[in-house]
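Multiple structures are listed underneath, in structure tokens.
Note that chain A is present in both complexes that follow, paired respectively with chain B and with chain C.
== the complex of A and B ==
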């Protein structure tokens, strides 16, 4: 490429921000971006746009879509009892995740922080479920939740308690969502623990030392030093937890197929059922767009409310 | 006197270890149950489901390792994982280099376009994506699975790598250009070797995501000879639903590569995940 005269003329700024001094040819930019941009446009952006189009049709997936129904699909979704159950279940998972899973992850991160002997061992064990596939996790837990105490460990332990009766767990419309939440927590709390451990590590030890010298007790230390300084980690964890909760699919599908009688239906299983089981592709497309809008709106609201510095790195 | 004070001093730590030990037991129980289950005969699985697998029976593992379909699934999973991971590392590093080190009109616009992908995860996009796979006639091909997995890994990993690349000193780039290096030369010979830790983090993360992916193969692949391990696991569970010991062995065997990989690449996986979530 050689040395450009321009690079000498404008090199006074210095630093990374001043890369403009090199006239990066447009061709370079295009060639470097082309592979990812092409894949992204064809398999991420174009599908969204196409599904917006199909969502206005009653379309079974054969031939061109001709039966234009305007907003009828959307009207049907928002008034369908099963979709509302799916939405409610999503909100339940969000509430339980924020209320139980994240505090649990934070508690464990606080326990294995910094100087605890055996820290690496605990981290390895607690994070392990995250690397298992969801199919494996689902099959493991299907066994544990078996309604027959002769086969399911949880019931076998339960009947040891005098007076306790075995439960149907995944077969019980009231218990199925808490049961699924337990599996989600088992699989994902280690991830949030990891984020909190990193966040805790970034808090300068001198700060806590100083507070301790000033006479702060453990509770005060946590409330006035640790928690505020962990703010951005907590916000990002909550953000990711909500987005994750809204898109659960495999665990639910493999363990319950959304049953019994739709009791564990979530939005993604609802979409899968209409799209891939009943082949109502127009309606399924509309469900996908509704899910996308829910995630998009949540993200935009989050970005508006969270301090600028937070969300830049979040995903 | 001394005893009580030392007890008081150590009590919190004892409780702490106790709680952590309980958590370890809870986390490992499902894993241990499935490993032990695979080591029992079908009869033992029924009659003594909670006993230790003594003596261990290796027949289940043997019969799965003798299935040609298991090796076929393993092969398919490896192909998909290798292709997706190389694609993601190469394409994302190219794009992240552009976003971190070059300047051009519309950069913000393109970057924002990619970040929009973070709000459209594959679980939500699967139906729209399936329609495109059908139009491009990529259903029932491993290529179809690979391009979709790659496309949906772009946003997050471009973001991660851009953060890493931005920390590489600008002087290095200036010096390279002075010496007559092209942008590609700088990227290939200087940036990539320097950024090796971040590239291996991205690679490790992508390998796990690809290896574990069920949804894309589930909708894209009907033909049994193309199934990947997670898809095969799910179908196997449906097919041999009654033989729980055999299923347990199957799940255990398909988890072995994951666990080995995890124990070796834990550091890379963790650094990739935390970099993706927490800036800096």
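== the complex of A and C ==
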């Protein structure tokens, strides 16, 4: 193959040809990026900016937004008792998810990994709730939690115990959050179990064998080898669990509408109530922006703190 | 320091025998190499000793103690894995110290032992690094170091050199031999590479299809292989084999192959009389086929006519790929030989060094007759 004269780099003129080619390829890159960039701008960036804009107005959703209230919506959010309940409930769900749901998922992932009889069966059973739609799961649990022992399975079983009375599971302000958390755990721990199983599979068997020969018993093997090597999976799971908890909506809305008396209110139900039930779209937008900022700050802090190795691959 | 014994050890995976009735007694301080092709059961045998696999039946002993039910951590062994199995989240120091920490060895003692091992292996400057910051050769040393600091009764090596490049492999081979001299401990080493086996072992156990084929010193295995498999496996290039018939002519025993006939010297003929008239397999190593011009003195040579198919000059020797009749074979001849491809030449078989195998006893793996 001959060499095209233009492709020979010379001390003179070559630089110009080079930069021309570079700007050519830059143009190609821009052209190829444009479609997805356009979609991103129209469907992600624009709505966010629009929400920010509306959050400064007392807008009901009809006609143009004209009633400018500056930061009043934000001031109202941060002083509203119900929003603070919603925030507190979000934090409770996060704490319970990290403290109960993830360890449970890890424990079961460790169990179904071993040569347990029927482990494929258990794996499927544990993962199944995750496949259900959230609305379906919520309706199913509404049935189970029904306060009437004739209709709700849990109360039907409870009344079999001498002295026990049926409970209004979702109607009691003290019981409603634990009840919702049970459903959340039931629904999502299978997903985390799957994540952990994948993480466990990525740990070479020889590392655990080497540790066994080095003198590790089961607990030490878990503590010094399995757990540290699962670190990146655990951190990613915790990250997703926190974001999921902050954005929880469907299960709560279908089961309780945030009630009774706002006892199970979460940020998303609060936002929905104002945005789409009471049509205070300006205020709802401000709530959405606050939620967005909380998630954004959490994500940024996580990415700042997570070890680089998580992104490079641990081994 | 301890002896190791495999007594009637069977390991089955489902219906497949990975190790089939293995019996080996390994003396204290011995360097035993388990060698064989992939899937021959050598690694499984090692893992049974390590406690990573349970034996299906039989007994494994370390010293006088049957260890079948002893967990790996209590067997007082150390193992170097093919992949090195270094803990990726620990520094080199912590990798080496891990076993000692678990055994609650005092900190200053751990430090002393790790530094001493690091010095032996020349990895003192790497102690703070993570495994991913090391080259293959350095990782291999760390893996060996992790085994050394434990001061175990028995060292197990599972193909520790197979991930190294050829040059480093030769160098590390010598270092492992030196280490054995220095530590004076029982070494059990698994490899598929017969050169590694020959160069390092006190004794070699050749395995195939889960069965121990022969257990002997490297030299004896080379000189007097017990069967066709061992004869073909030990030595590089492999021994040449020729389907042949043993005949008697003028009171001499003659090996008749497709493309040649050679006489068996009278002083070696005795064991082969019962095979007269039978099909045999005649074996001769490439280095026992000479250029008649450069014949070593004092050997019984028998000339064979051959056609030169390929020649490979190695510098200190020449490999000739020869054809006689339907049989192709390799000769390793003096580098002064000037044979060209296509030449019809005479080569001399050293009839003091041939092997005869009897397929009527076992068609698949005929035993040697001596």
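Convention: the second predicted complex is superposed on the first by the 270 of 315 C-alpha atoms of A that agree within 3 Å, B and C clash if a C-alpha of one lies under 4 Å from a C-alpha of the other, contacts with A are read in each partner's own complex, and residues count from 1 in each chain.
Basically, a residue touches a chain if its C-beta (ideal position, glycine included) is under 8 Å from a C-beta of that chain, and two chains touch if they have at least 3 such contacts.
Since the structure is predicted, the reported quantities are computational estimates derived from the model, not experimental observations.
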| item | value |
| --- | --- |
| Partner chain(s) touched by A:229 [first = chain B, second = chain C, both, neither] | second |
| Between chain B and chain C, more extensive residue contact with chain A | B |
| Which of chain B and chain C A:43 touches, first, second, both or neither | first |
| Touching partner for A:151 - first (chain B), second (chain C), both, neither | first |
| Touched partner set for A:212, first chain B, second chain C, both or neither | second |
| Partner chain in contact with A:288 - chain B first, chain C second, else both or neither | first |
| Which of chain B and chain C A:204 touches, first, second, both or neither | second |
| Residues of chain A at both interfaces, chain B in one complex, chain C in the other | 314-315 |
| Parts of chain A lying in touch with chain C, wherever the complex brings them together | 204, 206-207, 209-217, 220, 224-225, 228-229, 231, 314-315 |
| Residues of chain C defined as touching chain A within the complex | 50-52, 71-73, 75, 77-79, 81, 83, 85, 87-89, 98-99, 102-103, 132, 146, 150 |
| Residues on chain B engaged by chain A in the complex (per definition of touch) | 16, 19-20, 23-24, 26-31, 33-34, 37, 46, 49-50, 90-92, 94-95, 97-98, 101-104, 110, 113-115, 117-121, 123-132, 136, 147-148, 150-152, 154-156, 158-159, 163, 166, 169-170, 173-174, 177-178, 180-184, 187, 208, 211-215, 219, 230, 233-234, 237, 244, 247-248, 251, 254-255, 258-259, 261-263, 266, 269-270, 273-280 |
| Chain A to chain B touching residues, read off their complex | 1-3, 7, 11, 14-16, 18-20, 22, 24, 26, 28-29, 32-33, 35-37, 39-40, 42-48, 50-51, 54, 61, 108, 111-112, 116, 122, 124-129, 131-137, 139-141, 143-144, 150-151, 153, 156, 186, 190-191, 194-195, 198-199, 232-233, 236-237, 240, 243, 247-250, 254, 268, 271-272, 275-276, 281, 284-285, 287-288, 291-292, 295-296, 299, 309, 312-315 |
